[in-house]
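Just below sit the structures, each encoded as structure tokens.
Paired with chain B in one complex and with chain C in the other, chain A is shared by the two complexes that follow.
So, the complex of A and B:
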């Protein structure tokens, strides 16, 4: 049996499980998003069809909610990238104990769970969007760092020395060699942070207050406080589409410096 | 630039590179001990030594990636010890080539020109001329390094180091990863490229065959010290050091003293090819017959290295491959009167 086929067989159970778990959820979510809301205690009116939830999302307050969510997510991604690049860059050469210590330092606070640092932040920062932003950056940073570190450690960085030997100044080496080579990792870390930021819930919910409501926190309110499950499902669908778009995006070829 | 340092231009007009007392320590261990050497313009010189002898460290000091402590690096008569790599104008080919994986073969080569301000179009046109020189096919020029063969990558790496017209080309064991046939081919190509471009070249290698076959001059390095510098034939036939004699090829190193040739305690070098097959009847005045039994036989194709024991000593002798003896066969050979080199005295016996 060829190695490709062996790999496919080994991957099949995990892939099957993911499909089995995700696909029905997505189908239910999509179906629910187009149903009319129920009256009284029911979740929705079975067999009904409407676009009103999406119309509501793309008009008036809905647009403001979407815009805020997008802006918040972009700010989280930017914050993560600004921190993660200088944090991880020196770690690309670390070996043995140093690497382990660095990785633990990145992960250890996160291993305590998301609530502990958020409660701590709530004690030291005034309630607001800034505190929520800081919390979300803090929560996703270790994952983004590991993604970027994994990429950077796979690159042969002797090319930087080579570039200087060929006459390139430090700034030229950074712009023409280091950045294009690091970009796939930076891009992936950015995608992760942006995807995370779009779905930000805990930070806005606990630290931002009503002024910092995102799509995810509004979804929670619509479903559990207002019992408007179809609207919540429509918000979930939009969120899913946005996150999907984020992960499908690829960096422009010229950013990677690819051959003409 | 250290303006108060004297220029060596007048003293050494032809030395494009000169190292004076270059030492280097790393982790409390001295890697290089006061290296002095000079490279004559237009020549291909080899820095030869075993692993851990400090070759790559010395090359990195010359390239400006490491600082000697103490020591001085002179480039074209200028004290360049503290020049950063980008100001030295040297082309370097790394052991693992270190091609820019995100740039095509052509863009790899034009990189050195572009960072010097040459417009992209002109840089690419000059890169094509360099690619012609190194012999890279037109169809491979727009491909990324990952899609090139080992030989093509070598050509790109050499071309990239040559394209901007360096004062000196540094090659750090560039052929190590190639198979034997390709290595032979690339050695020939390097020789041709060096001859056509006329660039002074310093090649680092641990391969004696490569050093002897390629270079006009060899600098032998051991434990961070220069053992000897000279023409390949000089080092091979007249080494100053028993270790170098053995490192450069198969050698009989006799220390027990041989009548009329060496005294006990002196080291006499006799290369296997200097021993001639023959019988006691064939030898002339001063020739020394050696008769014994084959102890081991190593077949090498065209020739065969036979180790035999005679008069209590083990001798290595080359015989034609078709006359390969078997272990235990009787071996008759002659050590001619003119053969051998007395390493201790530095003269013929």
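So, the complex of A and C:
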């Protein structure tokens, strides 16, 4: 059989399910976002059309919500990178049991689940943005760490010794060789942290209180507490758009070591 | 910095919240007063005595194991296809669900599943959880599904085995550890996924995270700390089993 056809058959079940579950999400969010809210039962008024939810989202309180979400996501991404870089950097040379122990430790927050850290942070810290930020950094850190570790282990670090042997100072080696070599991995880890930071829900919803509401937690609030499903859908649409933009962004070519 | 010091400081940083929750769960004080003076299993007994919590645990486990199984079932053929001829768009398409904010995904799916029977809703939840675990399964399977495996299969075919025989007697034993690890890790992720449960879980089939949610949102009770400790331990047991599967000769 044609190899291309074999590949299509083998990937069809997984791709089919991805399409079957992701496409309706986008279609339903878009459809709901332009409808008026239902009075009584149902999610929306059938046959209605309005732009009021997007207008609301891009004016006054909506803009403040968007700005807070963006700022929170940037802070989460920065926190994740600040923690991940020093944790992962020494592991680039590790082998065997040490590497496995390190990787398992990095994955521990994800494998242990979000419930336990959320309970601990809710108990120990006062309600506020700081607690929510800590929770999100903790929950996103394992993925960013694995991405960065994967990149760093693929780089030939003997060039650092060579540069030192040729007389470069430690700071020069770090700035002019190590950092450019690590940048693509740092970019990917940051992109991942920013994308998931934008969709941050558990931390802000459980630990931040009303003052620290992000787009994702407001979406849940509008849908379940206020039954304003179309407004929640508009927020969901904007959230998907923002996350999509983050994941589609590419670093400048010179960061990847390519000619401009 | 030397390795033992880094691993120890990393362990303290990364495991401290989970250990603190376990500590709180073993405290007899319902108001979580620190420092803890005595130890008690009363919240675990309360957890086991409450029919809602008692039912939620096996439900969560069933859901997680089914999601893991589906993730492996979808992941193995996809991993074979990707190992034979890498593609620029198939892998990003397969990891796409993991990039979506779960809240937006759950909200978009909710009107779709609202009219479905509880069992069908549960099916959608299993599929969604499986798709979230798929990247992990693909990552683990990549370690065993490679050119060496295809070489062995070709050799078996050359020695007269049918394609089916070659896969069953040569291929499957080679990839079995990866399949087990992938299954258990995907199950662990599904066990801990709270957001999709909130949107898709039928009321008749409340899982542990869905049941813990109202308490987490309002006032924290020690029973939730006990439940969180139990799910953490379950996740760690799954990981231990994955470790044993990988190292089993």
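The criterion applied here is as follows: the second predicted complex is superposed on the first by the 239 of 260 C-alpha atoms of A that agree within 3 Å, B and C clash if a C-alpha of one lies under 4 Å from a C-alpha of the other, contacts with A are read in each partner's own complex, and residues count from 1 in each chain.
Keep in mind that, in the parts below, a contact is a pair of C-beta atoms (placed from the backbone, for glycine too) under 8 Å apart; a residue touches a chain by one contact, two chains touch by 3 or more.
Please read all numbers here as calculations on a predicted model, not as lab measurements.
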Residue contacts on chain A - larger count, chain B or chain C: C
Contacts of A:225 with chain B and chain C, given as first, second, both or neither: neither
First, second, both or neither for A:164, with chain B first and chain C second: first
Touched partner set for A:240, first chain B, second chain C, both or neither: second
Which of chain B and chain C A:176 touches, first, second, both or neither: first
Which of chain B and chain C A:22 touches, first, second, both or neither: second
Partner chain in contact with A:104 - chain B first, chain C second, else both or neither: second
Touching partner for A:10 - first (chain B), second (chain C), both, neither: second
Overlapping contact positions on chain A, where the chain C interface meets the chain B interface: none
Chain C - residues contacting chain A, complex: 1, 3, 6-7, 10-11, 13-18, 20-22, 24, 32, 73-75, 77-78, 80-82, 84-85, 87, 90, 93-94, 96-97, 99-105, 107-112, 114, 124, 127-128, 130-131, 134, 185, 188-189, 191-192, 194-195, 198, 208-209, 212, 216-217, 220, 224-225, 227-229, 231-232, 235-236, 238-239
Residue ranges of chain A in contact with chain C within the complex: 3-4, 6-7, 9-11, 13-15, 17-18, 21-22, 24-29, 32, 43, 83, 87, 90, 94, 98, 101-102, 104-106, 108-124, 138, 141, 195-196, 198-199, 201-202, 205-206, 216-217, 219-220, 223, 229, 232-233, 236-237, 239-240, 243, 247
Chain A - residues contacting chain B, complex: 156, 158-159, 161-169, 172, 176-177, 180-181, 256-260
Chain A contact footprint on chain B (complex, rising order): 63-65, 84-86, 88-92, 94, 96, 98-104, 106-107, 111-112, 115-116, 142-144, 160-161, 164
